[in-house]
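Two complexes, one shared chain (subunit A), two partners (subunit B, subunit C).
And now, the complex of A and B:
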């Protein structure tokens, strides 16, 4: 190797910005309250306000809407009903309208809207809108909805447009039926020494973002439609607005979506829900911005919820611990509109057998329409729900076999290169290391005894995995602009909803361009200004947008070298960057600060200039992903770009009289490929664990007889507070590089909540000998089971 | 918050003026102190008063003082002010233990004790300490002032003993005649703020005297007479606790709601009574967990 290449090689090896826990670049702004959210922005004195008239019926025909009295209230600008916008929208399946047309399908559905000069007037007038319904018989239970001759929630399902990988069953309530078939089930079960069959149930949950949904739409006199929204998906929103409002003459170029900081997403702000109202209403009040802001109750009713699932599992295994067959039927209660939610059923269906190498697998994942509120994406995208059953079942199978549950999981875990149930290869991964380190951290297998005679201690462990659920061509792109002082603005369209995305993008650019992180701003999205991003979902932006930013930085670097070459005639291969300067391997004296030329270029002898503003661009689209597969077996294709694997373990103490659970210690290990910012990964582990713990122990959504939510508030829907955080949380980072990720990174966001529900159930059984097969495991559920002396709770 | 309901708003500067206004509007007026119940209810349209009489302009209503063996708490005294008073903490530790479980810090900074008892929900945390400390409510109407023993104050779920036109001017609590230990045990669904699914307040006084009250397990918070009768004069031991727990079903009538089933509430009331009695007696003897540490 030449000396020149040695110098360059050394610089390439030593990562200065990647793998370091830089403070968040948006931290000070958020902590001081300087950060602006949609409701903080000023929209001027002409801002109008909206009140929605919501359906009081779970399923009914709309006979008549009388808006006459509301229209006469002084201050009311207009009253809108579904007939004003007879247009459908949806991400993966067009099954819902901007507002209800002739039928309402859940309590809380938007039926009419009052737009007024102030919120009070809108609210008063909305009460005067009279809606006459003819009730239909609703169905709230997914198993009821698929019985013979059901009441059809969507009689025209067969005519709906959808992505090619969905298989709706016309004249049923099955919106999508994902099937996976591998091997020979009969043979697989015949080979088994032990067969375990059971049913698990996970109910609905709500996202509970701190900032509720909000959107402001404005159609200006030049026919430009701008929407400010609290969203994970500005570009996808622009696309869906353009599709839905095309009959009004809008095209993509006319629509602009601006997303400032957002106060949480967790999947609930993915795609389009209520934001379509702001976009549509703006067209009725040209020149005036119009705000639609959800209350906490509306947040529960009319965004997305997490779907409920009933999992029927049958597993066969040999005495040596080899799993021979796994049959899975997941019945998802998806609500009346599944335009996004059907893909939860699809993605989790493909992975429903867990991170385990099993030769004979049969999976049926059914997306079922019901008359409860619409469900859709939520952190984990179906994996938390279906992995509760899988990891509960794995634990119980290990017990039946008399095997150590950790060894049982490791024996069957996918190694890199193993073929997944649909035939594509598994990526290299550190599952074994994750579960071993978690087991070690909680001294798994070593029995602990409480000092308090009323209390018992249990330990539980669970494996986890998840792949990004996205269309095969979901893409990210980035612009990177230098300024006169050598500072950088990165214009991307991902969303920092707490995970640290803005900081990580800056670190990636810093690494390539040797510009310190504090001299880089990553900007929040504006679809007019920033480069395209599909959505900030699927835990994919560090991986996907990280690749795009890296390419943009490399593009900028190439332009820098080109400029220096043009001015100084050094061969480009001899140039490298160090400490914000261009240097040359064959001329140690040469050092040109970036700020001297990244805008103005370099003057040469005759007084002319070379170069000009440096403007890097980069994009990333996976070119190896495909959803083309056999609808009956799912064989073929490569629907998941990679999986992130990991494990969680915890030690709990249960009060036998009260049933209360206290988490004493938690460890979670995930193979993130490369932790670009370890502190931020640790934050994902802590936050994901707590969100998982909430679903396991506290959150308990209840519905009334009419399909109404009985606790759409934090008085009775409990999410943990700081007081409920366990004393000790041990985050463990494992790094088996992802070959196509930026610096080897892969996704880590949703994953950290996935092991929690089964780990809790497994620990409860370890402590008490009681197997609980439904969520949540409330103190009451435990205490009553102990009192009743039962060993299993459905 | 866009409150759609329209009402007359008054902010009197004297008690006399407030009493006059209340007499004029009667039940058509609501009194505003902390507002943590009232404003939420008006916003949710559970209440639609014709008038709201804001008491915050009446200085004397902020009075909090200990004098002649009695604690006086004015209608504008917040839970935070009670909690921050060293004198209240020293003399009425059970009261503070319960007050510290009311909602969250930011709510306690606004919410008032008097507002809490006027709302009179069955789960009110202040109910059991007031019952066991045998507080009195002082009410004033155009016809003058009267004193209502706390045991007669709660008359039904969300119903108190005020007559139309009356205003509460304060709560008066006598210092117990003897040295005492107490324990408030609250069942919530997690460690964060919650409405009690069961509440038990216990005072153990020197000489084996016991006072026991429950909340959230019947239409009103109330003393447990049968349990007290059983315990009176006896030294606490496991056998006695078992006997007391057996009497719980005769004292309370818990219902099923979304927060808990009646069955779990009944079970927990027994567990909490037992642990609360032990803690109260231990605290009387200078032992046991510190006040504020939950025994469940």
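And now, the complex of A and C:
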């Protein structure tokens, strides 16, 4: 290597911005109240307000809607019913209308809407809308819904449009049936020394973003529709609005979606739910912006809930700990509309056997319509739900085999290059390191005794994995532009719902362009101006949009070098960037600050200029991904771009009288490939753990006899407060690089919830000898089990 | 039935006409343009609408606007005339927020605590912010920020 290239090489290999815990670039805005969310923007004095008339029936025909009295209330601008918008929408399956047409399918479904000059008038008038129903027999339990001759929630299911990788069963309540078949099950179970079979149940949960869903729509006099929404998916929203409203003459060009800061997402703000109402209503009140804001109660029942699952598992293993066969049936209660939720069933179905190498696998993952509220994506996308059963089962199998549960998991864990159950190769990963370090952190295997005779201590551990669930052509793109002072704006359309995306994108651009992070802004999305992003879901934006931003920065750098080459004639291969300057390996004296030319260009001898505004662009599409596979076996294709693996372990103390669980210590380790910002990764571990703990111990959704949620508020649906946190939490970052990730990074965000439910169940058994096979493990459930003296709780 | 009320908001005396049943939170946001108190649950459960009323943290969603007549209100917009407070700085340093929706209320609750008790124990910090929900951070980074400020002060 020449001396010149050595200089350049040295600069290149030292990472100045990647792997460093820079403070969040949105920090000042968020601590001063400057950060604006949809409800904080000004829409002017002609803003209209909406009140929804909701179904009081779980399943019924709409016979008549009388809006006449509501229309007469002074201040009411218009009253809308479903018939005003007989259009379907949906991301993966079009099974839902903008508002109910002839049938309602859950309590709370939107039947009519009053639009008025002020919210109080809208509320008062909505009470005057009279709806006459003819009740049908509802079904609330997914196992009931798939019995012979069921009542059909969607009699026309066979005619619905959907993505090609869904397999709805016409004339049933099965909206999608994902099947995986590998090897020979009979042989696999015949080879087993031990077979363990059991059923696990995970109920519904709510996301509980602090900001509820909100959208404001405005159709201006020139027929341009703008929607401001609190969303994870501005471009996908524009696309779905354009699809649904096409009969009214709208095209993509006519629609603009703007997403400022959002107050949490957790999957609940993915795709389109209530935002379609603001888009549609705006078309009826031209010239007036119209706001639809969900109350806390509506936030529970009329966006998505997390789907419930009943998992029937049967595993066979040899005495030496080799798993020989795993048969899995996951029955998902998905609610009456599964336009997004069916993909939860699909994605988690592909991975339902966990991060383990098993030669014989049979998976059935069924998306089942019920008359509970619509359910769909939630942080973890089905993996938290189905991994509760898998990791409870793994623990119990290890016990039956007399093996250390950590060794049992490691013995069977996928290594890089192993073939997954659908035939594609697993990525290189640090599963073993994650579980070892977690076990070490909690001194797993070493019995601890409480000082209090009424309390017992238990330890639990669980593995986790998850791949981004996305279509094979989900892409990201980025624009990057300079200002006169050499500062940068990155125009992308991912959402920083808290994970730190804006900061991480700035760090990636900083690394390539040697511009400090504090001189870079990453902009919130506006579909008119920012580059395309599919959605901020699947924990994929660091990886996918990170690649796009990296390419945009490299594109900008190329333009910078071309400009310098055009003005100074240095060969481009001799140029490099350092400290916001262009430098040259063959001319150590040469140093040209970026700010001197990134807008105005460089003047040459004759007074003319070379170059001009530097404007980088980058795109990333996972060109190796494919969902083409055999519908009966899922063999073929590469539906998951990679998996992030990890493990969680915890020490709990249980009060034997009250059943109350206190978490003494937690460790979670995840292989993130490369932590671009370690503090932000740790933030995902802390926050995701707590959200997982809430589902395991506290959150307990209850339904009435009409399938209506009984506790849609924070008084009765308990999410954790600061008093509920563990005494000690140890985040552990493992880094086995992702070869196609920016600087080796892969996704982290959803994953940190996944090990918590089974780790708690495993710790409860360790402490009390009681195996609890359903969530949540409330104090009441533990206390009742102790009182009854049982060893297992269904 | 409308009534003119006058109160001090972030150091400025302002008057506004309100209905007797208007909620303070809505008046602050919609009539006065003070948007850091957020609408989270509108029933006193979550704390995103927290303000300091005469130095005490209260939920502006549970208070009628007319009750604010003659009082003094502070929100994060008015916490400091000059840059950020040490607590706001500590929130940035410790990543004490993610989505940021709870941050204004959380900062006010913690500000009140540090005013009354400059050197709280970890347990006292937890108690003080237990009425403010955060779904993102798991609370630990918030507690760290408050204890960090406490350890820096005399």
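We take it that the second predicted complex is superposed on the first by the 794 of 794 C-alpha atoms of A that agree within 3 Å, B and C clash if a C-alpha of one lies under 4 Å from a C-alpha of the other, contacts with A are read in each partner's own complex, and residues count from 1 in each chain.
Here, a contact is a pair of C-beta atoms (placed from the backbone, for glycine too) under 8 Å apart; a residue touches a chain by one contact, two chains touch by 3 or more.
Model, not experiment: these values are computed from the prediction.
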item: Partner chain in contact with A:40 - subunit B first, subunit C second, else both or neither; value: second
item: Partner chain in contact with A:783 - subunit B first, subunit C second, else both or neither; value: first
item: First (subunit B), second (subunit C), both or neither touched by A:194; value: neither
item: More subunit A residues in contact - subunit B or subunit C; value: C
item: Which of subunit B and subunit C A:566 touches, first, second, both or neither; value: neither
item: First (subunit B), second (subunit C), both or neither touched by A:711; value: first
item: Which superposed partner A:689 touches (first subunit B, second subunit C, both, neither); value: second
item: Touching partner for A:655 - first (subunit B), second (subunit C), both, neither; value: first
item: Partner chain(s) touched by A:723 [first = subunit B, second = subunit C, both, neither]; value: both
item: On subunit A, the residue positions that both subunit B and subunit C contact, one per complex; value: 715, 720-721, 723
item: For the subunit C and subunit A complex, residues of the former touching the latter; value: 29, 33, 35-36, 38-43, 45-46, 48, 75-77, 84, 88, 91-93, 95, 97-104, 107, 125-127, 129-143
item: Subunit B partner contacts - residues on subunit A that touch it in the complex; value: 49, 118-120, 122-124, 127, 655, 657-658, 660, 697-698, 700, 702, 710-711, 715-716, 718, 720-721, 723-724, 778-780, 783-784, 787
item: Residue ranges of subunit B in contact with subunit A within the complex; value: 2-4, 187, 189-195, 258-261, 263-264, 267-268, 271, 296
item: Contact set on subunit A toward subunit C in their complex; value: 23-24, 26-33, 35-37, 39-40, 42, 207-212, 261-266, 293, 295-296, 497-500, 679-680, 683, 686-691, 713-715, 719-723, 725, 729
